[in-house]
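I am attaching a structure below and will ask some questions about it afterwards.
Labels A, B, C and D are assigned to the chains in the order they are written; within every chain, residues are numbered from 1.
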Amino acid sequence: MFSRVLIANRGEIAVRIIRACRELGIDTIAVYSVADRDSLHVKMADMAVCIGGAPARESYLNISNIIAAAQNLGAQAIHPGYGFLAENHYFADLCQTYNLKFIGPKADVIEAMGDKVKAREIARAAGVPLVPGSDGAVSSYEEAVTVAQEIGYPIMIKASAGGGGKGMRLAHTPESLKEALSTARMEANAAFGNDEIYIEKYIEEPRHIEIQVLGDEYGNLIHLGERDCSLQRRNQKLLEESPSTLLNEEMRRRMGEVAINAARAAEYFSAGTVEFLVDKKCNFYFIEMNTRVQVEHPVSEMVTGIDIVKEQIRIAAGQPLSYTQDDVKSRGWAIECRVNAEDPDNNFQPYPGTVGQYVVPGGPGVRVDSSVYSNYTITPYYDSMIAKVIVWGQDRPEAVARMKRALNEFIIENIITTIPFHLKVLDNAFFQRGEVYTNFIQRRMSSEV
Amino acid sequence: MKRHPVVKIKKRSVRGGDDEMNIDEIRELILLLDQTSISDLELEKEGYRISLRKANSEIPAPVNNSKGKVGGTKALDEKEAKITSETAIEVLSPMVGTFYSAASPDSEPYIKIGDHVEAGQTLCILEAMKLFNEIKSDFAGTIVDILAENAEPIEFGQTLFIIEKD
Amino acid sequence: MFSRVLIANRGEIAVRIIRACRELGIDTIAVYSVADRDSLHVKMADMAVCIGGAPARESYLNISNIIAAAQNLGAQAIHPGYGFLAENHYFADLCQTYNLKFIGPKADVIEAMGDKVKAREIARAAGVPLVPGSDGAVSSYEEAVTVAQEIGYPIMIKASAGGGGKGMRLAHTPESLKEALSTARMEANAAFGNDEIYIEKYIEEPRHIEIQVLGDEYGNLIHLGERDCSLQRRNQKLLEESPSTLLNEEMRRRMGEVAINAARAAEYFSAGTVEFLVDKKCNFYFIEMNTRVQVEHPVSEMVTGIDIVKEQIRIAAGQPLSYTQDDVKSRGWAIECRVNAEDPDNNFQPYPGTVGQYVVPGGPGVRVDSSVYSNYTITPYYDSMIAKVIVWGQDRPEAVARMKRALNEFIIENIITTIPFHLKVLDNAFFQRGEVYTNFIQRRMSSEV
Amino acid sequence: MKRHPVVKIKKRSVRGGDDEMNIDEIRELILLLDQTSISDLELEKEGYRISLRKANSEIPAPVNNSKGKVGGTKALDEKEAKITSETAIEVLSPMVGTFYSAASPDSEPYIKIGDHVEAGQTLCILEAMKLFNEIKSDFAGTIVDILAENAEPIEFGQTLFIIEKD
């Protein structure tokens, strides 16, 4: 096992990693920008090194300073957390060069899974279902009709050069397909100077469900079940839960198996997440694999009792997995809410400032991962997430009631946060029935936003 | 008040041990510069020489002429800076690395207390990732204090020198 | 279910009960003394009533003011917490008289179990093992020898009128019994003017192990396994854990069964605890039954996932138990440390004062039940316990490592607490091997105290 | 500055409904007094009369002559006390209960603003647990303000009256 680890991150995830290291008896080195001198991760770590100016580019993304800090203080490994350098394969590779263990998968695995096209190829080869569609561009209406028939309506026409919704058209029938095709082409041509289009199955009100996997350097792979992260606002996850209200035991087993197949095909080790879109009929399609610990990893920890970050560190130290698939038993229901310093009544504008009294919720079934304390100043330089509240309950109703209780007792003076918005979501009847999907906020909460 | 560090590779290659520098290694160097605060690189190997420089390579000058120190650290002991006058300027480290007071173990230190330095004169070397970075003075003045010791690990913003500006 | 409950307590247990009520959708009424105006339970409750002066006798023990407060604000029930009026059968009875549901067992059950002699009679009748001894006074040496032979040496001679160790003598053999008997008699006579003595089996290095029971008004009774509360200092519990390092499945099942028998014999409902002394050979002996929620209830909550306080409220509202014995599954290991504002280097003197920065531990497997916040002033009027840190781990080593991590990250500025002492206990090799007993602190930590 | 509340039982018995007061009920009353701030009790029932008084029955006088209020509550609205002079004294409630300004719904209030009261004169009744507690003035003075309304729930320490002391 390592005796000293540098944490190349800040905020709650840096605190989370320090906690894991402490429990493993590992010394910790915090790094911080000049804006983060008073941060909790700096206070908590055994050692701390200033690595640059407030902008992340000068500090938390400054590879040279981070590696020099690790070398200066004798770190044996670097934990990148999430964001910043966590999925930078170049950094992972450099760590190795400088004899520092990168706590994550191999650099070339990060690189491969970071490349959408390569990742899809690996997944397809492993028999992982992808969103059905044309293999590349579609040149004629006849070809489009054939593809559409094959994959089934409704279908989405997308511009090959596309982005931002330009050149996208939905078609429900062969008739509407004809017109949609030509307008999509025109729009694509106007927008990108390229009228190439392709066809994908349109997933209505999809769920975003992801499988947490853990693998060691010896080819052992397990999964910790799913997280339902369908509740999003502009592709930002707001609330995550495990298990999902959609899956039954059979679906869970199948998705877990497929996720492990994808990970095995990528020669994956460490903690990773295989993300799927799931339609109403429980068909699931691979989106991507995240080669790092996720923000929402605690919900899996709460239901399985497995400490994902500690396991990630053990794996990096060359230990075999501590668990077999049979050891993984999910119990109860966990929900996470990301508390952001943002004004939900003002288009979720970031709301930095100095916190007054800060009293976190406690009591049974409540976990808080936070890097804020009373009188701490939230700077405008980084992510606006200031705390994660995670609750566990025997069942979903208890977890929902407990989350409401916890959010209501959370005192964060002087700062506007997303807590009132979360409380509205938790009170929403559709949410309470478990009817969530990625466009839930637009459809069910639009009057609230 | 800008600083343009120049990097000289002293070891044979970044990875060490290789005899030839291949395209991958050059790519690595380019990416390294791109992602770090190091802006200029000169590399000499048997048979060829590479010089790299970032397009927009000016980094903010880490000097401090207030009496307060920019920060502290739990890990690294720092001496107290002796600022004697209003025109005394603290020269702060622009990076994390190891402080070298001389070009090599056998050489004389670049500067001593009491020395007068010109703008552009080398004050020390900071090593990071086996790259050796000459730190030069932005202005002419007299060395009042040297706050880092040879081979000492240095963090960003740490006071290295106090120079009484001319 | 009740719509409004008054909590006749203060500190962390008042906060704990407010949390349970919140999750059940119940309005809460806090009561407070003039010394507790800024207390967290007052801030958290939906309503709050000042009930008297700082001394508990004028406020938290002031039955009239508490019942008047409940009536003034329309409470349907009163939760007494622990301490104060929790085991006052007169109060429980008065609540009923004034049409307020007392959240606990019936008044006459509280009365019976509060009377040591009656409680032992009930237990004996239910076949619950008691510490073996003479049935009442022993009049001659011959009788003493006979009794001692029956119960086995070593035996303890105790004064019938005794207390404070006076008139107590240990005897290991029939020979030593003779002398012990006469000196005990003389001492008893000198101390109490009464030379009557009785004999009890001496339990060497006993464990204090208690069984948490839950019963409803319909005669259903379950147990939530054991808590090992052997780590005590002057009969004050310092650290509790579940499960116990001593018990195996069979022992656990038997003790659980016996505890339920005792509760059934007492016609018990609500949450209660049956306490046992356990000797090295795993013989267990009934000590007493606590007819209230215990300080250490969270360790059982952590391993079983059952919210004891919520269940207690549901029972009081006339609901049947939510669980059968088969539903109760213990998972992993939980430990609780009571953080007291006391100076462990100065004979555990209370250390009231104003807290500076207060940052509670968080992250995986950590629960904090506390009523303190930054800049809060701890008064000298009440108990010195300011927080309970409870951790859960997959096994005991993980729980121990996590507790050390949590206590180390707990920031309580300006106040001396028992945290350093707890850390020494956690580092003690005997403790780590699970060798704990009620005189552990004297035997294993005396150099530290 | 001590107050000796006198308790009068107006209902037939504490529990109501019973026709005879038995030894258990008397025991209950004794314990009640013992555990509350009520110190004196007089009870009349058909056929007999009980009078109880605590041995050490003086409770601290809940008066306040500072301008700050003793406390507040989230549950009960309180009027602002109008303290007009340095000799104005707040009379605070010694208990939790219900405020009655008169002996019965048909009676005149004990006092009105502007009234002059003598030491020992009844100011109001506070009811708790169906016991009616007469609150008397500790000193002579003029009623400046009455801050509780008839049948209003009162908490401990709440200001009931302001009296300008003679």
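The definition used in the following text is that contacts are C-beta pairs under 8 Å (C-beta built on N, C-alpha and C of every residue); 3 or more make two chains touch, one makes a residue touch a chain.
Since we're looking at a predicted model, the values are computed, not measured.
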Graph distance between chain B and chain C, where chains that touch are linked: 2
For chain A and chain B, chains touching each: none
Centre-of-Cα separation between chain D and chain A, whole angstrom: 63
Centroid distance [mean C-alpha coordinates] between chain D and chain C, Å: 38
Approximate Å spacing (C-alpha centroids) for the pair chain B, chain D: 80
Approximate Å spacing (C-alpha centroids) for the pair chain A, chain C: 43
Numbers and ranges of chain B residues touching at least 2 other chains: none
For chain C, residues that touch 2 or more chains besides their own: none
Interchain pairs in contact, sorted by label: A-B, A-C, C-D
Contacting residues of chain A [partner chain B, same complex]: 29, 34, 37, 42, 45-53, 58-59, 61-69, 71-73, 90-91, 94, 97-98
Residues of chain B that touch chain A when the two form their complex: 14-15, 28, 31-32, 35-38, 59-60, 70-71, 73-76, 95-98, 128-129, 131, 153-158
Residue numbers on chain C that touch chain A, as the complex places them: 15-16, 19, 22-25, 40, 44, 298, 301, 305-307, 309, 331-332, 357-360, 362-370, 373-375, 392, 394, 398, 401-402, 404-405, 408-409, 411
